[in-house]
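Presented below are the structures under discussion, each in the form of structure tokens.
You will see chain A twice below: alongside chain B first, and alongside chain C after that.
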Partner chain A sequence: MPPETTAASAQDVIHNIGYRPYTGPRLGRGYARRALWSQSLRGAYGLGRSAKSKVLPMTLLAVMCAPAAIIVAVAITTKMNDLPVEYTRYAILLQAVIGLYLASQAPQAVSRDLRFRTIPLYFSRPIERVDYVLAKYAALASALFLLTAAPLLILYVGALLAKLGFAAQTKAFAQGLVSVALLSLLFAGLGLVVAALTPRRGFGVAAVIAVLTISFGAVSTVQGIAYARDNTDVIGWLGLFSPITLVDGVQTAFLDATSSFPGGNGPGTGAGLVYLLVVLALIAGSYALLMRRYRKAGL
Partner chain B sequence: MTVIATENLGKRYPKVTALDRLSVDIAPGVTGLVGANGAGKSTLIKILLGLSPATEGRARVLGLDVATEGAAIRERVGYMPEHDCLPPDVSATEFVVHMARMSGLPLSAARERTADTLRHVGLYEERYRPMGGYSTGMKQRVKLAQALVHDPRLVLLDEPTNGLDPVGRDEMLALIRRVHTDFGISVLVTSHLLGELERTCDHVVVIDGGRLLRSSATSDFTQATGSLAVEVTDTDAHPDGTAALGAALTAAGLAVRAAGGAGGAASAGGEAVTGGGHVLLVDLAGDETYDVVRDAVAGLGLGLVRMEQRRHRIAEVFRTGADSTGADSSVNHGSAQERGTTHAA
Partner chain C sequence: MHHRIYHPTVARLTYRGLLGRRRAAVLFTLPALLLVIAAAVRLLTGADDDTATKVLGGFALATMVPLIGVIAGTGAIGPEIDDGSVVYLLAKPVKRPTIILTKLLVATGVTAVFSAVPTLIAGLILNGNSQRIAVAYTIAAAVASVAYSALFLLLGTVTRHAVVAGLVYALIWESLFGSLVPGARTLSVQQWALSLAERIAAPGAVSSDVGLPVAVVLLAGVTVAATWYAGEKLRKLTLAGEE
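What follows is the complex of A and B.
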């Protein structure tokens, strides 16, 4: 049969042979970006994935919240006048849990698409590189925020139940939220950049853990030495070299937090500004590096 | 109406010219894009999707300019990559739903279209299982489904039959044919296997080294060369039946020659097995030629072994096209009028 007749008759009868054309709305880039964000956020807690992949993130969320619940229970039963832990201090104390969560979920957010070469399927659609990077970044930051803000919420609700001062508690809670929001953005950015370097998930996990622990280990060791030698000025500046001490520095300077640096020698307002600038630069730098990473990852 | 139109399209990298002033118009239907590895097929697809800017020339897809309206093009076009692109730990349904949403379909519509599309490509109960356990054939179907799920006007299929066994290959080709005939979606399919395109495509574009070698309807590639191959038996009355028939047909006013030696291009294909010496090639003047041959054979009392139309195969045309360095001249077969397409100047 000559091709022409086939083509021509197909045009006529197309509606009668089972295939239904799609005539509904096409919601475009913005919608696709939000859909990718929500899918990635759910994925960061194993929702919509296998039962096995829910275990770790859910366990870590529980571990994150358990101390807060215990603190609240103790505070209520013993009728304390103040919570034994500051809102801003909580994330610093449990930084290992946050690090573990980041190490497990950052590679899962980006490595899979790289490893299984799904990226070209995204970029052949209305969604663009900037949408993909923003959606993934926002999803992991949101997931980290959930992880770090949930225990603060428990503390806050507990504090109100224990009839602690409403105004003071609300202010401290708000400061805590700002602090963990900044921490989430910073950690998500660093985690994604490190994870996106390799399509291998295992390497990604190891690399994220290495970056967090080695930098913190080095900074706190040197800070310890400086403290032992009474070199307190240096302690404040050393905090610039690891993510968690950066957050500590910013919240000490601006959010009424007590520094966890040796001897409580956190940066003052002037040095705090430098801390804040470094944090913002790291967030922007992570975004720029991710955009760069995906420039070549297309078709 | 054209689905793809390129005009002096070029893509140069510092050291390589991936596309060299390619001008081609592609009409609705199934179009094959043929070329060896590195001929510029993938580069062309990237440019058509608006993902890589051309260094010269222009291209329009579905009437939209690739340089400025890439997003609109990608909303209306589906793409099936050559390589594996499926995460093994999710099911086909979940994956295709997600990809439909990435194309902008609302969740409920995405679910409905996914179920429809997976059924159309022939995936049933297995669509709920993780894709890691799928056969290559099933994976190719999922890849096709994700390219079709948003009901595009055009799909770009990059080597869809790669890695399939002969049966899977046939099924995939039939499916591609249906994408156009049943779904009304135009198809651009790349392949380096010409035989496949012969059966599947309405139109074939051959590129090599980034340049257009030929663009014409498949029927042109495989058109009847206007000759009839006739093979007869010998009898006692005519010890050399072939020669006797040749004489009789010449007397009846037909141009006759022996197959083999002389007819270089015409004797390609499976002729080696048939013993060229006993086959006569008769120029086909019209339908009455068949009658003349039949009558001549019957009149001589010979046994007619076979009588068939001789066709060019795509492979043959491709070979001669590739051989001629002046590629532009090989494009002048009269096919423009047939499908409303034009060729490179």
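What follows is the complex of A and C.
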């Protein structure tokens, strides 16, 4: 294709060195948003990055799945009538692994863009602030969902292979999936908000884990004291103050889960509604805070 | 040529890096939370030695001290290695072990102040130092912060993922394995510090899985070995690019 020169511009131009504009198809905003989502999701497991950055997320995924595989193997060989661990309880038991994964990958998703000032480059493309925030949020939530749903799938397949009741297992598995989906959305939002505060990756990691462990440590300590004092009403309400106990409360109230609170004193349906509202408010609030954070593209 | 173990300028830079705006926010939030919990528990249940042990042992020593140790220990050197500005420090005629020792002193000081002081105040709020529980946990927190600072400072020189590695030790090893595998408790800074608390507090108030002589030897050994090895690592530091 020859350089596009019209009669009028030919007179103005001193040197026509043959620069050509891009005339191919433009994939547009939706495509850019999808690409950002899929690349961030791949990045959350180290795919497309160096071998060293695959080690941690893949190890954590393996650590997350290994107990499920062991449980299934034991259940099949000893011919149990039911799985020894509920689907809804699994994520609660392995919350430390989920916390570490979130703490290592949430800063990876946002801090580097801030630190190397690539944010203005993103916004020079046809994506808006809302696209960036949504793509990053969705990517981290999907990554967390993969991490938490994979062991449940192993448990479910194992339960079917062990010929445990199909209907009951399917219902419990579906309830478990709803619970980890809610957990993924909640944790991804909180992790991103904290990580987006700082361009320093290491500090982001510490801040995310601090939010998760400190709140859980505080809640379980006070719950333990309330339990020792037979103050069981308070136990149900205390769970409102940490992310993992929020999820525990919601699934106890609505998803047939046994509460992991001391003495199994989870919230009832009424208090469960408050739990659900708080979870939804936190998810919406995280999104709103992220939108606010990226109002100025620079830093 | 005299050999210094403390270099005021390095100390000032480390201190300012640690207590920068956002880091300081976390460092202040944790002790504040401990005090709020202590006050709330005291109001709800009244003074009780068993409750005081639960709050100070379960929250202050098990959760707060390791986290502050990770933030201060890795934060004393990690970010400088991470963004490469450590070369400007290393290019100065200051011995590398001096740099490590100075950073360790600052990290230990920050960890001790932010963990031992609030532990003491929380203990006083909870039961007014009955059975010497408040003082016992305060000394345990101070001793643990020395060992944690040395360990996590070493991690900061060894790996770029020092914070994650430190958290894996503090959360997975000390909390998860420690509660499941009894042997893991022997190799836990928290238990070593607790054995000191056991000695100081009234008999039966605090219990540890490790004997006092073993704990003191291990605490001192880990601190010295970690500091020495961190100095060695810094001596042969190679700067890697961003992965």
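Methods note: the second predicted complex is superposed on the first by the 275 of 299 C-alpha atoms of A that agree within 3 Å, B and C clash if a C-alpha of one lies under 4 Å from a C-alpha of the other, contacts with A are read in each partner's own complex, and residues count from 1 in each chain.
Criterion: contacts are C-beta pairs under 8 Å (C-beta built on N, C-alpha and C of every residue); 3 or more make two chains touch, one makes a residue touch a chain.
These numbers were taken from a predicted model, which means no experiment stands behind them.
Q: Scan A:70 for contacts with chain B and chain C and give back first, second, both or neither.
A: neither
Q: Does chain B (first) or chain C (second) touch A:50, or do both, or does neither?
A: both
Q: Which partner does A:284 contact after superposing on A: first (chain B), second (chain C), both, neither?
A: Neither: A:284 stays clear of chain B and chain C.
Q: Tell me which of chain B and chain C touches more residues of chain A.
A: B
Q: If we overlay the two complexes on their shared chain A, which of chain B and chain C does A:20 touch? Say first, second, both or neither.
A: The answer is first: A:20 touches chain B but not chain C.
Q: Name the contact category of A:218: first (chain B only), second (chain C only), both, or neither.
A: The answer is second: A:218 touches chain C but not chain B.
Q: Just to be sure I follow: which residues of chain A are touched by chain B in one complex and then by chain C in the other one?
A: In the superposed arrangement, which is not itself an observed complex, chain A uses residues 49-50 for both chain B and chain C.
Q: Contact residues on chain A for chain C in the complex?
A: These residues of chain A touch chain C: 49-50, 52-53, 56, 96, 99-100, 103-104, 197-198, 200-203, 205-207, 209-210, 213-214, 217-218, 220-222, 224-226, 228-229, 231, 234.
Q: Over in the complex, which chain C residues touch chain A? Could you list them?
A: Result: residues 22-23, 26, 30, 33, 37, 40-41, 44-45, 50-51, 54-55, 58-59, 62-64, 67, 70-71, 74-75, 78-79, 82, 161-164, 167-168, 171-172, 175-176, 243 of chain C touch chain A.
Q: Please output the residues of chain B touching chain A within their complex, sorted ascending.
A: 28-29, 42, 45-46, 49, 51-52, 71, 74-75, 77-79, 81, 83-90, 94, 98-99, 101-107, 109, 113, 116, 120, 146, 150-151, 180-184, 202-203, 217-219, 338-339
Q: Under the stated contact criterion, what part of chain A meets chain B in this complex?
A: Touching chain B from chain A are residues 2-4, 6-7, 10-11, 14, 17-22, 24-29, 31-32, 35-36, 39, 48-50, 112-113, 116-118, 120-128, 298-299.
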